[in-house]
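Questions regarding the structure given below will be posed in turn.
Read from first to last, the chains carry the letters A, B, C, D, E and F; within each, the first residue is number 1.
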Amino acid sequence: MEPIEYENASEEVRALYDEIKAARGVPDVNNIWKYLAHHPATARDVWEGLKQVMGPGELAPEVKELIYVAVSIANRCEYCVNTHSTAALKKGATPGMLNEMLAIVGMASKTNALAVGYQVPLDK
Amino acid sequence: MEPIEYENASEEVRALYDEIKAARGVPDVNNIWKYLAHHPATARDVWEGLKQVMGPGELAPEVKELIYVAVSIANRCEYCVNTHSTAALKKGATPGMLNEMLAIVGMASKTNALAVGYQVPLDK
Amino acid sequence: MEPIEYENASEEVRALYDEIKAARGVPDVNNIWKYLAHHPATARDVWEGLKQVMGPGELAPEVKELIYVAVSIANRCEYCVNTHSTAALKKGATPGMLNEMLAIVGMASKTNALAVGYQVPLDK
Amino acid sequence: MEPIEYENASEEVRALYDEIKAARGVPDVNNIWKYLAHHPATARDVWEGLKQVMGPGELAPEVKELIYVAVSIANRCEYCVNTHSTAALKKGATPGMLNEMLAIVGMASKTNALAVGYQVPLDK
Amino acid sequence: MEPIEYENASEEVRALYDEIKAARGVPDVNNIWKYLAHHPATARDVWEGLKQVMGPGELAPEVKELIYVAVSIANRCEYCVNTHSTAALKKGATPGMLNEMLAIVGMASKTNALAVGYQVPLDK
Amino acid sequence: MEPIEYENASEEVRALYDEIKAARGVPDVNNIWKYLAHHPATARDVWEGLKQVMGPGELAPEVKELIYVAVSIANRCEYCVNTHSTAALKKGATPGMLNEMLAIVGMASKTNALAVGYQVPLDK
């Protein structure tokens, strides 16, 4: 499937692109939207979900992005690691925080594997 | 393999158990240590790594634990999700933060899969 | 390891290539076969398995390919997502079906993560 | 976190439970909802998403559930494999279809691993 | 789906059970076979595959089992970790080898995550 | 994040690079180290861990590398599959061993998925 650019997009998709561009102050939407545009319902659903999940809450915005990157690493999504690392830095994460997050991802991946390998039962 | 209790542990392992109990102020170590004890070098290495990675840094302790849980969910380690969720709450994470973290893990897992499925290329 | 082209292949591998080309009506086999050719037993085993699993059954051929793609996304095999998406369309899947399948993969990945994160016990 | 039963649920969550029970014609909601209820926004979001994704489309309802199960297997969510296998049978999937789907999941997992292991490049 | 015991199995499945019991010198087959029996073609295919892959080759039998366990840990199959750990010990792996294998799985899981997280490009 | 070359590295990182180059007899370190260098504590920790885990033990060096590759395939780390396949061959693994390991990874991935899909309970 090919990416759908603004000029070839339906009214519904253009409205979404406009909304994303306005919310983020960017001249064009990221590639992910140009592919999700093949299924406008999914594209809209992802956008509404992201706004809610990544919006104001008890966790700071940069922390939310760091968690997003950590999960994307564990889930092996190169595209997502790339875009959300950039987003984390934009939202105020420091390189130091990014490195610490990566160290945690490495450490957790190790102990996750060891706990499964040794078949450790839950603590009471 | 069976868990190695204090009374059956080697000197080396007992020293580690004592160190962990003292550092955490707990009467007994968690199950994971009683299994890692089968390979003292790994047990020691995990403990040294955890102290360094989860110790003071730019990220708050409860944030570090939330990232640990998020990765453990993505890596499907039930034991690790269980113990590090408890640790997160102990270190100051609120239930609200835990729920927000879980919402991010869900959202990221969805977009991770979609980005891979649509074979989205990196943005320039 | 380098791909093994027809001209450099053993008799056994050539026979397999010929069989695949005839069955699929294609002038050359896909890359995967040129790598599996390093272990003829595995190459043969995969081909026999594919014929049986993807052959006539209770599920329609395009549905089988959609399931194959869905699993390949979840298992993060870019090559497999690519080839089996193409195969699905060839066997009669519509772009609409592909988009619906992708939406399910996204949704399932989200609820899979949430069920693990909340440590939901089995329903009675 | 403990499951939230109807009698202890907020108005918002009760309304959701009622909606799910009515839509599915069941006397009680599944465990997953009683845990998602800790974050009503996520619970609502998952319900709306499921209705849309699993509702009428180009793919038959039982096919949608089979894809859901296949992804849940690949993503290692025991709870999800369990509930969606049941749902698939309820919606008309035959045991034969379930077995064929499982054979595809096994086959795809094997070739996914082999393609990654042999580092097979995309076909032109 | 329920396990299919010998007394309720078809001729075809009984023949397979008999073959496995004879080859392994055990009074009953493991649970996995009693579930695969729902799809005799898959059960047969798995048995033939196992015989070939785990049979004599350049790698020692206990090494083959250790690799099997390592992959099963990474793939999060509790059942498989359990049965193949036992098989490894039976075939001559020492507890020391098992512990070393586990240490490698932990280490690899850590560096796997770090390489993905830092988006490390292939070396030339 | 960009790779950190020797000329731009801190004293601490240069010492690590020198140590790795000497131990391996190579003119330059692999890319992974140039990225880990952003967090010297992690880089050092990985190096010490690798030396211990991959050093002399009950498993032969080439077997250790084969297990490393197998796990890296299951964990979907293209970079790691690439470098550790090369390392395995350097340490004495034959192409035949590599192919056998890959066949095991494929087979295990298939049965791992089937065991999860059929929800097989542990054998007594």
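Everything below uses one rule, namely that a contact is a pair of C-beta atoms (placed from the backbone, for glycine too) under 8 Å apart; a residue touches a chain by one contact, two chains touch by 3 or more.
Every value quoted in this text rests on a predicted model; they were computed, and no experiment measured them.
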item	value
Chain labels contacting subunit B and also subunit F	A, C, D, E
Taking each chain's C-alpha mean as its centre, the one farthest from subunit E	A
Classification of the subunit D:subunit E interface as same or different, half of numbers criterion	different
A-D or D-F - the one linked by more C-beta pairs in contact	D-F
Remotest chain, subunit D as reference, centres from CA atoms	F
Distance between the centres, which are taken as Cα means, of subunit C and subunit B, whole angstrom	35
Intercentroid distance (Cα basis), subunit D paired with subunit B, Å	27
Subunit C and subunit E, separation of their C-alpha mean positions in angstrom	22
Subunit E: positions in contact with at least two other chains	1, 38, 41-42, 46, 49, 52, 71, 73-78, 82, 100, 102-103, 105-114, 116, 118-119
Complex interface listing, subunit A residues touching subunit B	1, 30-32, 35-36, 38, 42, 46, 49-50, 52-54, 57-59, 63-64, 66-68, 70-80, 82-84, 94, 96-97, 100-101, 103-116, 118-123
Residues on subunit F engaged by subunit A in the complex (per definition of touch)	1, 38-39, 41-42, 46, 71, 75-77
Subunit B residues within the subunit F interface of the complex	41, 45, 49, 52
Complex contact set, residues of subunit C against subunit B	69, 73-74, 76, 78, 81-82, 85, 102, 105-114, 116-119
Subunit C-facing residues of subunit F, complex	76, 95, 98-100, 102-103, 106, 109, 113
